[in-house]
Structure formats: structure tokens, C-alpha cells
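The following pair of complexes shares a single chain, chain A, combined with chain B in the former and chain C in the latter.
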Partner chain A sequence: MILTKQNLMPLLRNLTGAERDVFVPTQVDGVSKFALMDKGTVPDFEQVNTTMPPKDLLFPQTQKMYHFDVDANGSYRIHEYDESREQLVFGIRPCDMRSIVCLDEVFLTKGFVDEFYANAREKLTCVCIGCASAAETCFCASMDVDPQLAPNADVMLQDCGDVYNVIAQTPKGEVEVAAWAPFVEEGVVEPVTCEQSLAVSMEGVVDKLEGMYDHPIWDNLSIKCLNCGTCTYLCPTCHCFDISQDMRRKDGVRFRCWDSCMFSEYTMMAGGHNPRPEKLERVRNRFMHKLNFFERRYGMSLCVGCGRCVEKCPVALDITRLIDDVAAIG
Partner chain B sequence: MSGIEIAHGCAKGERPLIPQVCRVVEITQETPDVKSFRLQTLDGRKPFDCQPGQLGMFGLLAYGECMFVVSAQSDEWVQFTVKKVGLVTEQLHALSVGDEVSLRGPYGNWWPVEACKGKDMLFISGGIGLPPVRSFLLYCLEHREDFGRIDLVYSGSKYDDLVFKEQLFDIWPNEPDMHVHVSLYHEDPQWDGPVAYTAPFLETLELGPEDGNRVAVLCGGPSLSRTCREALVGVGFDEGHIITTLEMRMKCGVGKCGRCNMGGHFICLDGPIFTLEEIASMHSDV
Partner chain C sequence: MTAQDTIRARARELLENGEVTTFIGWESGRFENQTTPLVITDASDADKLVCNEYCVNTLAKYARDVVTRGKVGMVVRGCDSRGIVRLINDQVINREDVYLIGVGCAGVRDRKTGELLKKCAECRHGDPVICDEMAGDAAGRPQPSERFKEVHEVELMTQPERSRYFEGVYAKCIRCYACRDVCPCCTCRECFVDQRRENWVGKQNNVAENRFYSLTRVMHIADRCIECGECERACPMGLPLMKLNRKVIKDLNDLFGEFESSMTLDEEPGKLITYDLVDCEEFM
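For the complex of A and B:
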């Protein structure tokens, strides 16, 4: 089945309805991100990657978990929020779909299910648009992602130039595509091959890193890091969070919000001990987590090659150079 | 000689992030800045079933929550022993019996009580490191016939800092084949016992590995842990027979919020209990 690019906007306008929220890549106050589609929204399906990753659809930057109140006797009651709404994300890219594979592992496995994530995940439908071209910081193909494929997307739209191949990949996707009948037609077209100028070789890198915890490479890498945390906020797979609360008078709310392993307070303990007190330990932990720890724990890389950190790091601390450097070590 | 086998990633649970409101039913002032709190559900039951060594997230809805090892339990309550060191623990110390608190858990793995059956037990800790170790020690005393000789080596900076004094000086020394060794780091007018840091004190006791028949259980701050490890290895312990319980800052308790990782392992979920042999094979910042 194919969808012509002329039919994209008519289809999209038809998808927005009262029963669910539709998110598209667009500019909000000058920042490129996935935002709720309404009448005035101008989606941007040409830009390869949004600046902000779509992870907040599943893992909001700040999320109220529950609220509570206390009566005059000091008796507390915990109240839960009503369940979230159905969401459709249209135009998510294959690298970001891979990041959801990683997040699913973190939040849904190993004995405990994170109910907030699970609820949002169940209600999210993903329409992925494949990439016909790459930004200069894109290197997903080196991280085992095919820029025109995302097996975990509900619907895959492969970019074939003037048209998209429409592939329903899950039961949810089949229901979705069935409703697109007025906008699609029969046919299959050859997808455009996405050329990426940035490439790394991960061959042997995971195993080499295993023995490099005390290697001087981490000194060289961390010395220029500002610990600003930009990489962690823009990373589609970074999922660390803090839990805190706010209470006024008799009502309070407990929430979680994104946190960053780049900050010294992140691991600071009440007694004053900090197991990762310096930049070196924090930078090493972050890159090891991306390229080795996660691989050992979940069998996949935690870097999906989206290139956001490469593009936005203010001191050009570049994960692809680290991979190259590790690969080059004999 | 193979090390003591410890289960990891064995904790399971429903709705791990939602606490239950519980009630403080008993408070014990252990030292000037350490209190123990016994908690029950509002209808008077034990809040959760747990194994010795497991963790609970105990706190106040209005102020926050912190992770503690369950320091003791019965069929009716769980107990946490809390040192006043920060914002939340200061508020916990202001609690009275009857006050309501929040609690979630249990989290993490537990002491290898089965694998240690038949062994001599050597418990080593300093200061506020005793409550986590005590959860194992109490189990051994409740199942006394399953374990051999029990030694407890415990130190504190000054006399006032020793927790569980009644058990230390009046109860445990009278348990069959249990030997309690206490030292202080500094001279103290209330103290006429040994004055020594834990590791050199431990060395004077000449408690060896007994050909793998003795298991050391260690919990203390970074320097105590390091020096006692060296002392134990020095008298022939292999690191597979030295067990410890680790601590790091924690928020979720279920291996998702990220911060308590040691390499690819999370202390809250895979730990907190490991052998030193296991820790040596990890990329640990702890």
C-alpha cells in the first residue's frame, strides 16, 4: 500500500480527533520537538531528527505519580490520577523507535513493571517515517538501525521519494491503516536508500570497553566535559529520574522528573559520600552505560545513533570519536 | 573453593512505586542521633513480607523517602533504624508513636541464609552499619541450630554511637556460642574496653577462614569496608566468603531510575547483597 506525500496532510488532519492526542514533529518556540497537533500546527516531516527526542510521550520530563492529602488528625490519604489518554505519534524516526525498544526493556522487565510507563506505552500508537536522507550527525546505520525500518513501529512509512510505502506491522497498526483507506492506494515502491556520511565500527568495542575501566581515555574525554547534562536530556534513551514532592497546606503531589548522571548531586548521599564525585567517573559511567553496561544487561546498545548529543554538545564531546578511539586501540 | 552463592534480581512485585500509608507503633532511641521505628499498616498488620537483608523505602509523603535495610521484623511489624543525617531523616526523627508515614517495598535480594547453613558466622560492622548486618544476625539467632559459632565485631567512634546497646552488652553475649567484640575508635570516659579501629581490632581476634567454614558478613563505611576486607584476606579469607550489603543513593528501588548502578548491576534490584568476589568483577564506583 502507498501513501502519496500530497495525501500526507489530508490524512493527518483526518487523524486528529477528540478521542486521542496526535503528536507530530514541529517547532515550538524555536525548538524542534514532537508536539500536540492542533489546527495551527505546521508539522515538519523534512527535518530528519527533532532536537528534543520523543521520549517524553512515554516518560514525561515531569510526571505526577500520585497526590495526597492530610487531615487535621495527621491522617494521610493517597489518591491516584485517572489513566492517561490514547496517543498517536506520527513521524517518529527509526532511531527513536529503537530507543523505545531500550526503554521498554528498562521500564517493563526485570521483575518490576513501571506502571506509569506501561500505561502510556499501551496507549501509544507509533507511525514511523523512514529516512531518505540523513543529517550530518546521523549514524544509526552503524548502531544496527536501518533508516528505513523500525520493526517495533505499529505503522512503517518508508520514504520512496514522492510516496511512502505503508506497512502495518502490529495489530494496532492494522487497525490504524484500515482507517486510512480514503488516503492510500495499492502498490509497493522501492524505498530510497539513505546515505549516512558519519559511520563508526562497533566491532569489538563492547568487549574492549570491558577491560578499559581504568584506561586514560576517560581522563582525556572528561577533561573538557562541562557536566551541563545536555546530552542526557537530548538522548532518546537516557531514562534516569528523580522522585520528589511538593506540598502546600494539606495537599501534596509526588512526581518524578528527568535527572542526569552528569550532575554530582545525582549520586551524592546524605552522609556526604559520593561514589562518582568527579567528571571522570560520571563521564565514564555515561559512556560505559551507553556502550557496554546496557549491552551486558539487556543485550543491546543504549546508543541508537540519533546523533543529538554529537550535534548539541557545547564542547563537541563526540561519542562517535570515542567509539573510533576505542576501536583503534590495539 | 567456590564462594557463597547469592541470589540476584530475585525481587518481584506489583506497583513498585506506590507507597502505602503506615503507622509508627514503636520508637527506640538507639543513640543520640539514631532511632529505630517499628511500622504497621493502618489496620495493624505487617506492611509487607520480606527476607532478612531486603530494603524498604521509608519516608514521609510531605518530605521524601529514603532506602533502608529492614533492620528487624516480626509477624506484626517491620523495623527500620535511621541515623539523622539529612533532610528526610531529620523529619523521621521528629516522628511520634501513632504518626503516619509512607512505605514501599520490599526491594532487593537477601542474605544467603541457606548457603550459610552449617557455617561459623563472623559479622563485622561499624557505627550505623550494624542495623543491616543485624537482620542476618537475628535470623541466625532465631535458627541457632543451623549455624556454628557466631562472632560479632562491632566498633563505633564513641560510646554513644554504638547502636543496640542492650543487645550488644546484655543479650547477645549470653546467646549460646556467640561472641561479641566491641571496640571504640577513641578513648571515652564511658568505656574501659578496647580502643582500636575495626580492622586492627579484627586482626587481634585471630578469626580465620576455618577452611571455608567461616563466612564473614561486612557492612560499614568505605574505609571500614576496605580495611576489613584487607584484614580478612590477610588471614586467608577468599573474597567469595566475604559478604557485604552495599548502599548508594536510590530513588525508585527497582532498577529503573538509574543512579545506584555498579556497572550494569543495580544495587537496589540485583543487590544490595554481594560477595566481594562478585564486586571485584564489576565496574564499581562504590
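For the complex of A and C:
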């Protein structure tokens, strides 16, 4: 099945309805992100990937967990929140679809199910658009992602120039595409090959990192890091959170919010001990988690090659250079 | 000999002679016209140093982290040198902890567009205010005519317009704290945002908490801000942070007379930490 690019906007306008929220890549006050599609929204399908990753659709930066208070008899009451809604994200890219594979592993497997994530995930439909061209900082092809494929998307739209190949990949996707009938037609076209100028070789890197815990590379790298939260907050796979509360006398809200392993306060223990006291330990942790620990635990890289941290780090600390440097070590 | 050649040669000498333990400058990044900060300890790495019109990072703050390893050599332009003055005057480092190689700066360009960076278009001091030696000549760039142009624009808004404008601004902040972490004035051993027990600022991301964080920081660096513009450049969400810094600086100028922070090692103590009987108290 194919969808012509002329039919893209008419289709999108048809998808928005009261029963679910539709998110598209767009510019909001100069920041590119996935935002709720309404009448005035101008989707931006030209930009390769958004500055803000789509992870907040499943894992909001701040998420209420429960409200608590004390009733007239002095006993505690707890009200749980479930703010999940049916959501459709249209135009998510293959690197970001892969990031959802990583998040699913963290939040849904190994005997731990995060209910908030599970509820949101259940209600999310993903329409992925493949990439015909890459940004300067994209290197997903080096991280085992095909820029025109995303097996976990409900619907895959492969960019073939003037048209998209429409591929329903899940039962949810089949229901979705069935409703697109007025906008799609029969046919299959050869997808455009996406050229990426940035490439790294992960050959041997995971194993090498195993023996590199005390290697001088971490000092050289971390010395220029600011320990800000830019790379972790913009990373589609970073998923650390903190739980805190907003209290007013006898009632309050417990919420969770994104946290970052780059912050000194992240590993601070009650009593004042900090097992990752300096930049070196924090930077090492971030890259080890991306390129080694996650691989060991879940059998995949926690870096999907989206290039956001490469693009936005204020000191140009570049994960692709680290990968090259590790690969070059004899 | 270009300034870059001089910097490489001098960095090599300083490291070889043991006059400094580390040297801070820039090196090329992976992409065209990209640079990234470089800290070296080995004289044989001196040839990695670059100095060109794409050296976007202000280096001063690194001196704070690196002085623990011994004396630091570094390249300073106007902004870097004022950051160093700030660190010294705030007693974060000592003058003798650093050996400064000055270089005149005509402004830094965006590596993709080739345009002068906003912070550099607004910069009033391209040449170092202190250094131990110069590599090449001062640039002697003319100062931009209007220091508070952006502040005037905000002041012209009506109150409801202003409030809407800043709501929009703070809705974008992701609280990554890059603005704090890059700032040469933000050198508190423990930042108020990290004091979890006191919980001055909640961890939830919303306009109220984001604004509280940002305005508290603005007031905390008010009379020390060197106007390097690094906070605004580093912000991944493009918040117009210099509007706030300059608003406070403008108010301080109006209340206490015109000043620029961090121009000399013997500057007067900050306007907001000193008390004078003639201080204006317009609200009493």
C-alpha cells in the first residue's frame, strides 16, 4: 500500500478526534518536539529527528503517582493517578522507535512491570516515518538501526520520494491502516536509501569496555564535561527518575520526575556518602551504561545513534569520538 | 607566526619546563569548523591546540576544576579573562594558580551558518582584561552601541504581555542546569537546587518551579555576571537568559551607578553584598 505525500496532511487531519491525542513533530516556541496536533499545528516532517525525544509520551518529565491526605478520623487516604490516554504518535523516526524497545525492556521485563509506563505503552500507537536523508549527527546505521525500518512500529511509512510505502506491522497497525482506506492506494515502491555521513564501528567495543573501568580515557573525557543534564534529558533512551513529593500540611502529591546520572545529587546517599563523587565516575557511568552495562543485561545497546547529545552538548563531548577512541585502543 | 602557533609553542614550553601542570585550550571536533575544549598535561599534545574563529566555549570555569592538579596554563580572550577575574575575586582560585596567554578576539562564528554568535555580537570586551603574555595583537573591536537593547524591548511590553512571554519562556526549560554549570559565577560548593532536604525548589518540571530556579540564579549572580552569554548559548532549549541577566544589571546600574563586573582584580565588592548609608531604598 502507498500513501502519496500530498495525501499526508488530509490523512492527518482525519486522524485527530476526541477519543485520542495525536502527536506530531513540530516547532513549539522554537523547540522541535512532538506536540499535540490541533487545528493550528504545522507538522514538520522535514526535520530528521526532533530536539526533544518522544520519550515523554510514555515517561513524562513529571508524572503524578498518587495523592495522599488524612480524613476526619485521622487515617491516611491514598488516591492513585492514572493519567494515561489513548495516544497516536505520527512521524516518529526509526532511532526513536528503537529507543522504545530499550524503554520496554527497562519498564516491562525481568519481572518488573512499571504500571504507569505499561498503561501508557498499551494505549500508544506508533506510526514511524523512515528517513530518506540523515542529519549531520545521525549515526543510527552504526548502532544496528536501519533508517527505513522499525519492526516495533505499529505502522511503518517508508520514504520513497513522493510516496510512502505503508506497512501495517502489528494488529493495532492493521486496524489503523484499515481506517486510512480513503487516503492510500495499492502499490509498493522502492524506498530511498538513506546515506549517513557519520559512521562508527562498534566492532569489539562492548568487550573492550569491560576491561576499561580504570582506563585514563575517562579522565580525558570527563574533564571537559559540565555535568549538566542536557545529554541525558535529550537522550531518547535515558530513563532514570527520582520520586519526590509536594506537601501542604496534611495532604500532598507524590510524583516522579526525570533525573540524570550527570548530577552530583543523583547518587547522594542519606548521610552524605556519594559513590560517584566526581565528574569522572559520572561520565564513565553514562557511557558504560550506554555501551556496555545495558548490552550485558538486555543484549542491546542503550545508544540508538540519534545524535541528539552530539548535537546539543554545550562542550561538544561526542559519544561517537569515544566509540572511535575505544575501538582504536590496541 | 599566527596566534595559534604561538599558543602551541608556549603551551609546549610551559608544560616541558614544568611551569604549568595542565594547559587548557581548544581542539578541533569531528565536524567541520567544530571545536571542543581541550585539557592537556603532556607537551606532545600541544599541537592539538587550535585557536580560530570557531572556539565557542568560554574556558574560565575549567580553571576551577583543574587547579587541584597544579598550576594551570590557559588561553584567554576577553570573556575567558573576565571569568578568571571572577573566580579569583570570588576566592575560588588564586591569581598564581593560573598562567594566562591572552589572545585578541574579533568574535566567534556559528560553525553551520558562519554568523557571529549572539553572545559575541553583544560582547563589550574582546581583548583580555588580564593576562601574563599576549599571543598576537589585541583585536580592539569597537563596542556594540546598546548594552540593554533586549531589556528595553521587554520593558516596552505591557504587564500581561510580559507575563505571557515569560510563561512561554519557562514552559520550555527542561531544568538541565547547563546554564548554571557553564557559568563562571556559579561556583557554590552546593547549589541551592541540589539541597534536597531544604527543598528550596521542587524537582517537578513546571513553569513555577522552572521560573523560581532561573530567577533565583539570576539574583544570585546579579552583580557578578560577566555578560559572557555562555548560559544563553549553552541552553539547549534556547531560553533568552541574557534578557534576565541584563535586566538586573541595568537596574543595578540605575540604582548604584554604572559598572561592569570582573574587569579588574581590585574591583569594589559586589553591589548586593555591601551596605552603604546612601544606598537608595525606594520602597521605604
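The rule is simple: the second predicted complex is superposed on the first by the 323 of 330 C-alpha atoms of A that agree within 3 Å, B and C clash if a C-alpha of one lies under 4 Å from a C-alpha of the other, contacts with A are read in each partner's own complex, and residues count from 1 in each chain.
To be clear about the criterion, contacts are C-beta pairs under 8 Å (C-beta built on N, C-alpha and C of every residue); 3 or more make two chains touch, one makes a residue touch a chain.
Since the model is a prediction, treat every value here as computed from it, not as a measurement.
Annotation: superposed three-chain arrangement on chain A; chain B versus chain C shows no clash, the two fitting side by side.
Put simply, if you stand at the Cα centre of chain A and look at the Cα centres of chain B and chain C, the angle between them is 90 degrees to the nearest 10. Of the two partner chains placed by the overlay, chain B and chain C both lie in contact with A:242. In the superposition on chain A, A:255 makes contact with chain C only, while chain B stays out of contact range.
With both structures placed on the common chain, the touch criterion links A:74 to chain B but leaves chain C unconnected. In the superposition on chain A, A:143 makes contact with neither chain B nor chain C.
Residue contacts after overlaying the shared chain place A:24 against neither chain B nor chain C.
In the superposed model, A:317 lies in contact with chain C only, and not with chain B.
Closest approach of chain B to chain C, taken over C-alpha atoms in the A-based superposition, is 5 Å.
Within chain A, the residues touching chain B in one complex and chain C in the other are 242, 244, 259, 268.
Considering their complex, residues 9-13, 15-21, 61-66, 85-89, 99-100, 102, 221-222, 247-249, 251-252, 254-259, 261, 263-265, 269, 283, 285-286 of chain B touch chain A.
On chain A, the positions that touch chain C within their shared complex are 28-31, 51-52, 61-62, 136-137, 198, 220, 223-224, 226-230, 233-234, 242, 244, 246, 255, 257-260, 263-265, 268, 279, 312, 314-318, 320-321. Interface residues of chain C, counted against chain A in their complex, comprise 29-31, 34-39, 57, 61-62, 65-66, 168, 171-172, 174-178, 180-182, 194, 196, 202-206, 233-234, 236-238.
Looking at the complex, you find that chain A touches chain B at residues 65-66, 68, 70, 74-78, 80, 106-107, 110-116, 213, 239-245, 247, 252, 254, 256, 259, 261, 266-271, 273, 275-276, 281, 285, 288-289, 292-294, 296-297.
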